[in-house]
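What follows is chain A paired twice: with chain B in the first complex and chain C in the second.
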Partner chain A sequence: MPELTKTPVETEVPETGALAAAEPVREKARSLWQDAWRDLRRNPVFIISGLLITFLVVIAIWPGLIASGDPGDCDLAHSLQGSAAGHPFGFDQQGCDVYTRTVFGARASITVGVLATLGSAVLGGVLGGLAGFFGGWWDTLLSRLADVFFGIPILLGGLVFLSLVGGSLWSVITFIVLLGWPQVARIARGAVVTVKQQDYVQAARALGAGSTRMMLRHVLPNAVAPVIVVSTIALGTYISLEATLSFLGVGLRPPTVSWGIDISSASSSFRNAPHMLLYPAGALSITVLAFILLGDAVRDALDPKLR
Partner chain B sequence: MGRYVLRRLLQMIPVFIGTTLLIFLMVHALGDPIAARFGDKAPDPVVAAQIRAEFNLDKPLWLQYVLYFKGIFTGDFGTAFTGEPVIDLMARSWPVTLKLGLTAFVIEAVVGIALGLVSGLRRGRLTDTVAMAFTLIVISIPVFVLGFTLQYLLGVKWAVIRPTVSYGAPLNELILPGLVLASVSLAYVTRLTRTSVAENLRADYVRTAVAKGLPRRRVVTQHLLRNSLIPVVTFLGTDLGALMGGALVTETIFNIQGVGYNLMQGVRRQESATVVGFVTVLVIVYLVANLLVDLLYAVLDPRIRYA
Partner chain C sequence: MAEPILEVRDLVKHFPLTQGVLLKKQIGAVKAVDGVSFDLLRGETLGIVGESGCGKSTLAKVLMNLERATSGQVLYKGEDISRLSGRALKAVRRNIQMVFQDPYTSLNPRMTVGDIIGEPFEIHPEVAPKGDRRRAVQDLLDVVGLNPEYINRYPHQFSGGQRQRIGIARGLALRPEVIIADEPVSALDVSVQAQVVNLLEKLQDEFELSYMFIAHDLSIVRHISDRVGVMYLGKMVEIGTDTQIYDHPTHPYTQALLSAVPVPDPEAREGRERIILQGDVPSPANPPSGCRFRTRCWKAQEKCAQEVPLLAVPQVLSGPAAHDSACHFAEEKDVVGAA
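Our next item is the complex of A and B:
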């Protein structure tokens, strides 16, 4: 039913702005994705955060583009000095260039954020989706398992897990995925249960579609939006979490350049050299802000109830 | 209602067992507490065996778990490296953390609800936009960055307050740490209250109250706010447990000798008894807080009927 009524409703709504008026009225029904993309393209918040994130990702892949130095190239003679020619952000305790370290720190944050998000989205999405689709004892077991993981405050779990496993890029990612998937699983399960009851899925079943076909062709495309929304919003939180764990000394370890580690080492001497704290902290906050704004924009675009 | 309480309590049992088992396995299966005690030196096998026997480490894993589980109920969490029973360490640090957590809770509830109410009533106007931008920024800045920045500005640069909290944690010194601890939740409370108020503002009962000539003040406090607070109270309740665990970072920054501070010390010294004990109690607090919220929710909202 929603499929049929969509076209007239869509064409009825007058679009604001000259762009829509110039376009001929399209008869073809737009999917949720096309609608969302139209919304996003016009959302200044999305454009700004998107540009910022593109910039951050590029810097994470090729930090040499804007920083020519080596983050491990330090000279104790410069320890704690303020900004100088060629070193706009000054030097840290070891005499390393804060600007170079701030630029190179993007890699760890973005890597952890993106991989942990992908991991928890795939794991949580598949497990939660299957639980919602098949129900029964598998569903019960998974829900209780998710409850157990929910019972552990994330920072405490990280402290215990990482202090035992040892902090590295992969252990931090593994940990975040381990504690992050239940949240996605709950959302995915709820979405699949809702979609499964829709008429078009029932119709497909009545027409004799098998489980695999129903799952892939009918349920998946309609249930994936909430998972994307919750994952995008979580991305910013994960980056912040990585920095917090590194700050506590259980996350990433020194040869890796990370904003969390730099902020932690700045904490002992920032009373005399606040620039050591200011730049990595600022970079971290802007990155988290960019991802949270992106998440907000994506949610607004993908949640039809907010239209 | 009675049946609901009973069912909710019964549901907590598997979660509780699962969570404690997870902590237990994480600590006991991944790290060797004996090796940690001897640092880099290899322990003498006889001494190691003696310590193993003393701490029940020679028993099979399942029996160790049973003993640990029994300890939770008898208040026996083992001894710290200093020879002090862990339970004494808890008795010393919990009052401090409770004080900090409650300070944060009051700040979060009062400021968050007030700010949310104001921006919900003036939705779309300047006050609202400024408040929403403020919450986004607060959410984006990781707690430890905010903590250090405020500590530097207020405690060192302008010297308005003591930068660290003195022993015994007097209440007036806990205001800034409380604010830092509350910051992110405060932003969420503000957003939640705003959405809820703005939604209920359109409700029929508000229109009726206005139509029958009640003064605006009464409509807002008696009709609008009361109904809008239900989701907020739920969030606040869940957050109370999370605040105690989140105090870890704040306590480290401001040198407050509470639960998180001692837990960090335990992790740094690899004292498994201290870590397991503190984490277990924190998890119990977290679970009980969530349980209370669910019960409170049923009391607050009579529309919800629990079978």
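Our next item is the complex of A and C:
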């Protein structure tokens, strides 16, 4: 070790000597995001959930790739019948093919789930993060505003809002974002307040770092994990909220096909035709699981201690 | 005598105590630092000692401009830096850096060591041109006795002592003139403390640094300091060279503090007097009138409750005992016993 000659105090043996001893000095400097990406590419959970999400998104865009039928092509003669040749998932009450409806329902459900999650995560994350970072009256104002939105009852609010603006895909997404952001904002605010008090943020300030640098380099990477977790779990809730609103007649409505609509209409005849509920509900569960696993993998990759 | 690089004049930091949620009303203030004055000379180490809660760390934060001073001045080469902001403040920050107490919270767990030590260069790009930064970071790692190959590691892969060296390397990156070290070794094992203190001394010689070294371990302060200041409840009660303070203390609080230092020689220990203070430190939100130490002082008299003793050389004293001491009844007392 060359530094022995320069520094008489060097005596410590690196704790993780085996880990880095082989690394050449000329290795390129890496950052957290590059390390996280390297880690993710080798993580089987990330690969599986990523492939699943890709598949779901692809069939949401081009449902015709795996389903040749038309979800509106129904024959009452087949009402509530089980699986048959060419109709593996059976038929629903109207005699529509459950397989075709499940495939075509992916578009509306995934659009609502993903966009509502992104919307509430970005809106709540940014507003809550800024409230936590800057504090003061901005924090007070925002926290009380979040409380007001928290106080709106979901179903009553949904009935009023959606009957006023109409139950289109976009109005449902807007409504869910409006109700969903306060939860994310509270989590984000708490995480930012905790990180902001850490010595390393003070150290960056002492170096002369501006607010932007402190937020992006220090606060964001250390406060983003809980937001990811809460958002991915909320994704499932949002898809089922869409279903609830459809059930109440203010959300998406036929001829739009969505898992939510199918699940609510299937619940009445679950005893005699359980397949009607199981397939769209199973598709919903797999989607939610895929996003939760993805969120988990990303969160772990952003924590160097878990590598 | 070297010229002062940092002159602190009547520095005050009060934290307001407020009541009410919406309409905040100030009902008092925690007087964390209350009228502190001293000079930090070029190339010297000034130790600041005092028990927990006496305002040492707040003093460091105010000097670093991490907290705004309520009043008073901090003159860096004659310029008041306590009111600076924006670009002027950023420029001053290049010359005054800080080493933090806890090496476990002062390094961002999600940044590589290279990013942590390289951050000063990103904030002050004029210090090291872009292409040289990686080399500069590796040089710094080498200077503080860490393997330059560790550049891509994360803080959790290091021990406490190594982490503190990373913190020191970050503080050194901008080639500052003054380093304020806020209890830099108190979170470390005793065996590692010596390494870090020796490193700090080596760096002082190498880079001509001035240190303000805050600690509550009196032996370490004596080891590293040229001069020592003793704080009690937001005030500087005594300040002088390390010989003056340790061998000729004149303020009763300093004497009590020194009498608590463990003596490794059992025979010397037998013969020495231990001054055991009664009671607790009063609340800094409501400090005693006059001399703040009077509630626990065995010499306290009527005068102490009425007049605030000024930090000055007491007239009755001469020789090495004649140094700044804020006591109406200052007298020399050898408490360490070894002298």
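As a convention for this text, the second predicted complex is superposed on the first by the 183 of 307 C-alpha atoms of A that agree within 3 Å, B and C clash if a C-alpha of one lies under 4 Å from a C-alpha of the other, contacts with A are read in each partner's own complex, and residues count from 1 in each chain.
Following the convention adopted for this analysis, a contact is a pair of C-beta atoms (placed from the backbone, for glycine too) under 8 Å apart; a residue touches a chain by one contact, two chains touch by 3 or more.
Source: prediction; values computed, not measured.
Colleague: Thinking of the overlay built on chain A, is A:209 touched by chain B (first), by chain C (second), by both, or by neither?
Modeller: Second partner only.
Colleague: Per the contact definition in the header, classify A:218: touching chain B only (first), chain C only (second), both, or neither.
Modeller: second
Colleague: Return first, second, both or neither, reflecting whether A:267 touches chain B, chain C, both chains, or no partner chain.
Modeller: Only chain B; A:267 stays clear of chain C.
Colleague: Applying the touch criterion given at the start, work out whether A:109 contacts chain B, chain C, both or neither, answering first, second, both or neither.
Modeller: Neither: A:109 stays clear of chain B and chain C.
Colleague: Applying the touch criterion given at the start, work out whether A:171 contacts chain B, chain C, both or neither, answering first, second, both or neither.
Modeller: A:171 sits against neither chain B nor chain C.
Colleague: Check the residue A:117 against both partner chains and state whether it touches chain B (first), chain C (second), both, or neither.
Modeller: Touch status of A:117: no partner.
Colleague: With both complexes overlaid on chain A, does A:198 touch chain B (first), chain C (second), both or neither?
Modeller: After superposing on A, A:198 lies in contact with chain C but is clear of chain B.
Colleague: Could you tell me if A:43 is touching chain B, chain C, both of them or neither one (first, second, both, neither)?
Modeller: The answer is neither, since A:43 touches no partner chain.
Colleague: Can you check the complex and tell me which residues of chain A touch chain B?
Modeller: So the residues of chain A in touch with chain B come to 144-145, 147-149, 151-153, 155-156, 159-161, 163-165, 236, 240, 243-244, 247-250, 263, 266-267, 270-271, 274, 277, 281, 284-286, 288-289, 292-293.
Colleague: What does chain B use to touch chain A in their complex?
Modeller: Where chain B meets chain A, its residues are 14-16, 18-19, 22-23, 26-27, 30-31, 136-137, 139-145, 148-149, 152, 156, 241-242, 245-246, 248-249, 252-253, 263-264, 267-268, 270, 275, 279, 282-283, 286-287.
Colleague: Using the touch rule from the top, collect the residues of chain A that touch chain C in their complex.
Modeller: Spelled out, the residues of chain A in touch with chain C are 1-3, 6-12, 14-16, 19-20, 23-25, 27, 29-32, 35, 140, 198-200, 202-209, 213, 217-218, 221-222, 302-305.
Colleague: If we count contacts the way the header does, which residues on chain C are in touch with chain A in the complex?
Modeller: By the definition above, chain C touches chain A via 22, 61, 64, 66, 89-90, 93-94, 97-98, 100-102, 105-112, 114-115, 118-120, 122-124, 134, 138, 142-154, 156-159, 161-162, 167, 170, 174, 192, 195-196, 198-199, 202.
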